[in-house]
Amino acid sequence: MSMAEAITRFVPDGSTVAIGTSLEPLIPFAAGHEIIRQQRRDLELVGPISDALFDQLIGAGCVRRVTAAWVGNVSEGLGHCYRRACEQDIPRALEVHDHSNFSISLALWAAAWNVPNLPTRTLLGSDILKTNPNLSVGFGLVHVGAVRPDVAVIHVQRADAMGRAHAWGPLGITEEAGLAADKVILTCEELVDVDITLSDPNRILLPETKVVAVVHEPGGAHPSPVQGHFKRDHGFYRDYAEQSRTAEGFAAWLKSWVLDVPDRATYLKRVDVDSLRIRHHEYSAPADYGDE
Amino acid sequence: MSMAEAITRFVPDGSTVAIGTSLEPLIPFAAGHEIIRQQRRDLELVGPISDALFDQLIGAGCVRRVTAAWVGNVSEGLGHCYRRACEQDIPRALEVHDHSNFSISLALWAAAWNVPNLPTRTLLGSDILKTNPNLSVGFGLVHVGAVRPDVAVIHVQRADAMGRAHAWGPLGITEEAGLAADKVILTCEELVDVDITLSDPNRILLPETKVVAVVHEPGGAHPSPVQGHFKRDHGFYRDYAEQSRTAEGFAAWLKSWVLDVPDRATYLKRVDVDSLRIRHHEYSAPADYGDE
Amino acid sequence: MATNSYTPQELMVAVASREIRDGDLVFVGMRLPILAYAVARNAHAPSARGLFEVGLMRDQPAAGFLGTMGDPPNVAGALWSTRMSNAMALMAQGHVDLGFIGGAEVDRFGNLNTSYVGDPAKPTVKLPGSGGGADIAILSRRWVTLMNHERRRLVEKVSFVTSPGHGDGTPGWRQRNGLLGGGPAAIITTLCVLRFPEHGGEAHLASVHPGHTVDEVRAETSWDLQLADHVAETPPPSDSELAAIRRFDPDGFWTRPA
Amino acid sequence: MATNSYTPQELMVAVASREIRDGDLVFVGMRLPILAYAVARNAHAPSARGLFEVGLMRDQPAAGFLGTMGDPPNVAGALWSTRMSNAMALMAQGHVDLGFIGGAEVDRFGNLNTSYVGDPAKPTVKLPGSGGGADIAILSRRWVTLMNHERRRLVEKVSFVTSPGHGDGTPGWRQRNGLLGGGPAAIITTLCVLRFPEHGGEAHLASVHPGHTVDEVRAETSWDLQLADHVAETPPPSDSELAAIRRFDPDGFWTRPA
C-alpha cells in the first residue's frame, strides 16, 4: 500500500496516533510527513519521548493533544514548535497529558490488557500527577489510566505483505503500543518474502491481526537511525532545531522538506544518504527452528 | 557450574521456585531431578501449567505449596502424585494457590514491576477467587497479588558463561518469571561463546544481572521438547502416567529414573535419544546489527 | 470410506470444527480442539487463525502430529511466537472469536469444573485446574466445551466453578458480574450437542449423535434436560472431515479408543 | 596535556564519572552521562553496567560516537535489547544503583523541573518534560543531576516538580510519600558540586571547581546556600579522564562550547 493511501484510510482527523514508540530509533518520519501533507487535524499523539517528529506535527497544526513523556529534540534540546503551541497557542492551543516514560508504557499495557488502569509507584511526589487527569493516587500507588491508540504507526527493518514485521534494536514501548492500538500501520525498509519473516516467529513484533497496512518506505525513518541500515543524521536534527526557532523559519523548513515534497523518494534525493548508510554488516547467529 | 552445585547453592529448603515457565517446551527436568536427589523440602513451586515435573516434585515430598494454573500431564491427563497429595496428604499435605494462566502471568508481572498487585477481568465469576488468598475483588476487577520467586530455573537452547541466554519458540511466562525472580538459574543445550549471544541482543532473554548460574546440561529438558534439538517424548509421559498411578509405582519410577541416576548424562543413556533428536534444521534469517 | 466407521472422538472433532467460522481467531485448547482447528482450516474456514496460550499464532495447522500445543511442529511456520500474556491480551480485548475448553463437570448453565470434586479443602478428586480455561470462559467472545457424556460429569451443581458459563442462568448474569465475552455456546459430548440461548441461560438438547437416543442422553444427564423444539440428528463426519482428522492424528492418539 | 586545558563540560563529565562505583548498575541518561559512563567504565568501574531506558543494557561503552542512546553503536554488542518497561522493572525493583538526570530548574532539596516554567496551564517556557527523569528520581537508589549553574536554574522554588528530590526537606519525606529510592545525592554544576545529607534534606556546597569561588557560586544561586564544614576544590579531570572523554566525544559534540 502507498503511504498516501495508508494515511488517507487509517489516520482520519481526530485520531489518537501512537508514533515514534522506539524512542530515538525507527521513527516513522515519512508517515508523519504524509500526515502533515494530508492536513490531518485534531490528532492526539501518543509516545514516550519524541525526537522532533511530534514537534513537526504540532507546528503543522495537526495536533490537539499530546500524551507523552518528553517532546523535543534529543541531541539539540527544546522543541520550538511545542514551545510556541504551549506558550502562545501557535498555530493552535495544545492540550498536554504529561507522563514519564514508565507511566506511558503502563498506560498502553493497561489498554493492551483491557483494564481501566495499572498501578505503579513511579510519579509519587511528582507534579505530573496534578496536570494529567488520567493519573490518580490511591492506596499509596499511582493508577495510570489506559491509553488506547486508534492507530500505531511503526517503522521496522523488514516486513512481509501480510503484516509480519521484524524489528531489532531497542524497542521502547513499541510492543505495548501495537498491542493496545486498534490498528497498526507498518512502514518498512525492506518488503520481504513470507519465508523470511516466518523463518523467525519469535522476532515477529506483533500479531498480523492488528496490522491494516504495510508500506514499503526505504529511508522512511530519516533522520532517525535504523540498525543495520542508517545512522542518525545529527546534522539534520541540528538544522531543524535552528530553523524552527521562529514560526517563519519553521514554515520555510516545512515547505521545503514536507509540503513541497511529493513523496519519500524525492525527499531522499536531497539527503546525503551515502554518508548515513551503514555499510559494515554484523549478522545475528541463526536460531534453529527445526521441528523433525 | 554443575547442576549439583547450582541446586545446592541457589535452591535451599523453603525456596519459592518458578520452573517450567514455557508451558510444554523447555521444561528443566534435569534441574527438577537434582532438586529431588538433594531432598529439598518445603518448596513453593510457581508455574503456569506443569507437564509432569510438578507432579514428580510433589510425589518426592519436596513441595509445601503449588502456585499454578494447572498441574498434571498434558497428553495423559491427571497428575497422580498431585491427586494423592491433595486428596490423601501423601507423601505430605499440599497447599494450593489456584490461578489461571493469565493470572499467574500477572502475578509475576506485578512482582517484576514491584507493585502489590495488578488488576484484570479474568477470574470474575470463578471460584478460584475463593481458594487463592492472593486474589481479591474490588471496583469490579480482580486484583492479582504479586508472586516473587526466590529463583527461576529456565532451560534454553543456548547461553554463554556470563548468563546471556537465547531461547526461541513460545515463551509462556518465562520472561516475567525471570524478571520477577531474585535469581535465575539457566540450564542450556549449548554453552556458546559470547560472540554468539551478543550477535543478537534482542534474543537475549533476561538481564545477566539476574543470572546466578549457567549449567550446561544437554538433554536437560527431556521428555519435553526443545525447538531445533528434541521432539517431545510422548511415550515417556505415557509411561510415567501409568507407573505413577499408585504410590508404590511412583516410588519405583522415582528410584529408577531419578534417585539411582547420578547425573543427566547417565539418564540420557537410557533414553532413545536418536529417535527424539531433531535432524531437519530450519535456520532463521539473520538480522543485521551493523552500526557503521 | 464408509461413514459409519468413525469413533465418538472423530465425530466430536468434526462437530467442533463446524463451530469455527471462516475468519475466526480461535483460541485453540489441547487435545481434540487442535484437530478441530486443523479440520476447519482445511475445509470451510481457510482464513481462520489459531491462537495458542503457550504463545503462538498460526494460520496453517502444524504439518506434524502434536502431542501438545508446544510441540516443535506447531512453532515451525508460526505467525507469532511470543509470551502467553500477549495472547491473553488479544483475548482480553475481545479479539478471540471462539475458544474451546475441556471439562470434567458441567452444569445446565455451562459452568465448568476442572479443579476439585468435593470440598476444595479436602477434595475427593483433585483435577489439574484451570490452565487457560477460566481465561477463555471469561474473555473469549464465545466458547464450546467438549466432554464425555456421563451422569457424573453433567451434574446438577458443579463442586467448583473453575470456568464460569452463564452463572445462575438469570438473564444478564455475565454482564452483571463483569465477564467480558458471551459465554458458552455449546457443549459437545460423546452422545449429543447441547446449545445455549444466544444471551445465556440453560442448555437444551439440539442434536443427538447417530446411533444414540434422546432417552439415552437424558439418562446420562443429572438434571432434567430441556429439549430443542426440534431435536436433530447430528450430521456425522463427512469423508473429507474424516480424512483430515486421520491426516493430523495418523495413529489415533486422540481419536481412537484406548 | 595540561590540566588547565579542559572545558566546564569535560570537568562535569569527569566529576560525574567518579560518582559511578565499580559494579554499579547505572541508569544512563542522555548527553554528558553517556560520556561519564564511558569514562568510569574505562577507569575505576570496569565491572559497572549501563542500563538505557530505550531498552538496552551494556557493559563496554559503545565504540562509536553517540548522539542519542538509541544510536546503532549503542546496540551493537549490547547485553540485552528489550522493551523500556523491562528496564524500568529493574529500576522499580531497586536494582539501579545510580541514575543521572538533567534539569532546567532545581531547588535546595533537589526537586527538579523539566516541564513548565510558570503556570502549567499557560507556561512562560514549555520544557520537554520528564522523559525517564521522574522514574529515575523516584525509583533509582541514588541519583545525580547535571546542570548549568545560573540563578534562574538554582531557584528558591521550582515552578513544577517533575522529578522529586527530597520534597520539603523534612526527614523521611520520601519514605512517607512512598518514593522507593534514596533520592538525589549530588548536583554537579558548571561551577561546583552540591551534596545532600545521606538521608535527605538540604544541599550544601561540597566543592568549587578550579578557577571559581564560593562567592561566585552563592551569587549564582537563588537561595542562601549552605556550606560544607570544609569546602574543597573539585579535583580537575585527570589526563586519563580527559583522554577517555575525547575518545568518546572526538568532535566535542557534548563537551566543547557551542
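Every chain is named by a letter (A, B, C and D) in the order it is written, and numbering of its residues begins at 1.
Here, a contact is a pair of C-beta atoms (placed from the backbone, for glycine too) under 8 Å apart; a residue touches a chain by one contact, two chains touch by 3 or more.
Only a predicted model underlies this, so the values are computations on that prediction, with no experimental measurement involved.
Undergrad: Where in A-C, A-D or B-D does the B-C interface recur, with over half of the contact pairs identical by residue number?
TA: Most of the contact pairs in B-C are shared with A-D.
Undergrad: Have a look at B-D versus A-D and report the one with more C-beta pairs in contact.
TA: So, comparing the two chain pairs, more contacts are at A-D.
Undergrad: For chain A and chain D, let me know how many angstrom lie between their CA-based centres, rounded off.
TA: Whole-Å distance between the two chain centres: 27.
Undergrad: Return the distance between the CA-based centres of chain A and chain C, expressed in whole Å.
TA: Computed from C-alpha means, the inter-chain centre distance equals 41 Å.
Undergrad: Whole-Å distance, chain A centre to chain B centre, using C-alpha means?
TA: Once rounded, the distance between the two centres reads 37 Å.
Undergrad: Send over the residues of chain D in touch with two or more other chains.
TA: 56, 71-72, 75-76, 81-82, 85, 88, 92, 180
Undergrad: Can you list every residue of chain B that touches 2 or more other chains, as numbers and ranges?
TA: 106, 113-115, 120-121, 141, 168-169, 171, 175, 202, 227-228, 231, 278, 282, 289-292
Undergrad: Applying the document's contact rule, which stretches of chain D touch chain A when the two form their complex?
TA: Answer in residue numbers: 30, 52-56, 67-72, 75-76, 81-85, 88, 92, 115, 120, 122-135, 137-139, 160-164, 167, 174, 177-180, 253.
Undergrad: Considering only the defined contacts, which chain B positions touch chain A in the complex?
TA: Within the complex, chain B contacts chain A at residues 106, 113-121, 141, 157, 166, 168-169, 171, 195-196, 199-200, 202-203, 227-229, 231, 278-292.
Undergrad: Quick one: in the complex, what on chain B touches chain C?
TA: Contacts found on chain B: 22-25, 48-49, 51, 68-72, 74-75, 77-79, 82-83, 85-87, 98-103, 105-106, 109, 120-128, 130-131, 140-141, 168-176, 224-225, 227-228, 231-232, 234, 237, 278, 282.
Undergrad: Using the touch definition up top, name the residues of chain A that touch chain C in the complex.
TA: 112-115, 164, 175, 179, 198, 201-202, 204, 206-209, 289-292
Undergrad: Once bound in the complex, which stretches of chain C touch chain A?
TA: Spelled out, the residues of chain C in touch with chain A are 25, 49, 56-57, 64, 71-73, 75-82, 85-86, 88-90, 92-95, 180.
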